[in-house]
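A, B, C and D are the chain letters, set down in written order, and residue numbers restart from 1 in every chain.
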Amino acid sequence: MSSYDSSAISQVRALRTPGGVQAVVVTLQGEVDLQHSPAVRQQLIDEAGKRPGRLVVDLSAVNYMDSSGVASLVETLQRVRGYGGELILVNPTARVRSIFEIARLDRIFRILTDLGEAMGE
Amino acid sequence: MSSYDSSAISQVRALRTPGGVQAVVVTLQGEVDLQHSPAVRQQLIDEAGKRPGRLVVDLSAVNYMDSSGVASLVETLQRVRGYGGELILVNPTARVRSIFEIARLDRIFRILTDLGEAMGE
Amino acid sequence: MTSRSAAAPVMVRILSDPKYLCVARSAAERFCTLAGLDAASSHAVGLALDEALANVIRHGYEGRCNQPIHIEFDRVEPGPEGPDPALRIRIRDYGCQVDASAINPRDLDELRPGGLGVHIMRSVMDEIRWRRRGLTGMELEMTKRIAPSAGSAGGCGQERS
Amino acid sequence: MTSRSAAAPVMVRILSDPKYLCVARSAAERFCTLAGLDAASSHAVGLALDEALANVIRHGYEGRCNQPIHIEFDRVEPGPEGPDPALRIRIRDYGCQVDASAINPRDLDELRPGGLGVHIMRSVMDEIRWRRRGLTGMELEMTKRIAPSAGSAGGCGQERS
């Protein structure tokens, strides 16, 4: 079997909001499709497992997402809600945002256009 | 047979340089490949037929060119030289420039990075 | 199901591995803009194709990653099938056969991961139909109307001497 | 000429009309980055493919625009064929047959339009070979080395439940 490039897809920073909430910012990048969503899902589930008060997913560098990527975020949302935390999605491109709209998830997820805003309070 | 979109690929402006030379600026755009180069060639040959002192081809909006596009420019160069005029190529992207380098035509063509410069003198 | 004998102008075959989805999407988007769809619609069709292929890989081939999937791209001109030109994609696999009527979008009100693919495909495309093919595998045909103004008459490639 | 029985992971078939060149280039570029080439090299391979296809259309098919051209994309792992991985493209047509030794780049010192395609293909690719196939048509195989660091082990697509 051949080996093919699999672009790195995330970066994680642990921060604290001005209000003292423990926050984790996961920055995704590239194409979150069936090829890459399993790794994205694992990363998000791992971060949610640490139960930060706020889990922020920066989507600004994601140029493509399909339903497998959305499913990873739905699963993460359920876990974060399960322990009383908050999940915030930040700055999806118009194209990525449109898939949330098609799936009618744009009102289920909290989607902000600015990372600063997501770190506020 | 099906019909498919064929993007418009040029715009023409007749100008005069500060030194009084009659100049024509042809702006190409999109992909100058075997599909589009026949129209580009015809346009350039038509403009050269009017024998402007300077024929300027603005390549800044050309995101792709293959050898058929280069051939159109070579043919134009020969015609313009034939009547004692001057052909100037302006601002090719790195990718378009590289094909001139591969074909060792980067020293045959006068290639400037700035339209203002091409209109100088 | 309509069918024509003429070969589709573009066909892409990939093996059923998720890593090749990006290549199929890329060809799809380019074909769509060529056929007269705008950039946003072309991207959406790429997404619908991606969802269809993901279903073939996950359900049709049950995750096996070295099985063939054929994707045909065509532009259908106005005629008995409709007054507008349309983009048509046909996806052929050689995996499990299912009853086409069993492939349905789920209720979106329930919040759960997964189950969104068919809904996305139906949202993006105007028509979408599965059918069994021969003894093995399915064929999915998806079409999307193209605004009639789009796409100019592009004759056969001119010969340059 | 080396050959392997395994199907190439990606195959694109286009009709021999210049309007479809852009779709083939787009798939090629995406396959190249997937296989581990950088963006500039992937673009260059797309150009080499475009030149090869243009030659098939103009010379092999003498400008006829509804004839099939098959393009296979593969990544060849290090082995007897070479110590580095390589990108391999095979182009098969069913047009005129020519003696492979007759296909050569021209002298670049002469300034004339045309005659640059083979030179570009040779500049971009590391190896390039034509051969007659069967009773009709040619096969062109082009390879380009991939820097050994590029491309990580990407296993088969994981199944998601």
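For the reader, a short list of remarks on this structure follows.
The working rule: a contact is a pair of C-beta atoms (placed from the backbone, for glycine too) under 8 Å apart; a residue touches a chain by one contact, two chains touch by 3 or more.
Small disclaimer: the values here were computed from a predicted structure and weren't measured.
Any chain that touches chain B and also touches chain C is listed here: D.
Distance from the centre of chain D peaks at A, each centre being the average of the chain's Cα atoms. In terms of their C-alpha centroids, the spacing between chain A and chain B amounts to 47 Å.
Rounded to whole angstrom units, the spacing between the C-alpha centres of chain A and chain D is 39. Chain C has its Cα centroid 28 Å from the Cα centroid of chain A. The multi-chain contact residues of chain C, meaning those touching 2 or more other chains, are 9, 18-19, 22, 34, 57-58, 114, 154, 156-158, 160.
For chain A, residues touching at least two other chains, in rising order: 4, 6, 34-35, 68, 71.
Listed in rising order, the residues of chain C touching chain D in the complex are 7, 9-20, 22-23, 26-27, 29-31, 34, 57-58, 62-63, 65-66, 68, 73, 114, 154, 156-160. Interface of chain A with chain C (complex): residues 4, 6, 31, 33-35, 64, 66-68, 70-72, 74-75, 77-78, 95, 98-99, 102-104, 108. Listed in rising order, the residues of chain D touching chain B in the complex are 18-19, 21-22, 25, 40, 43-44, 47, 50-51, 54, 57-58, 108, 111-114, 116-117, 119-120, 123-124.
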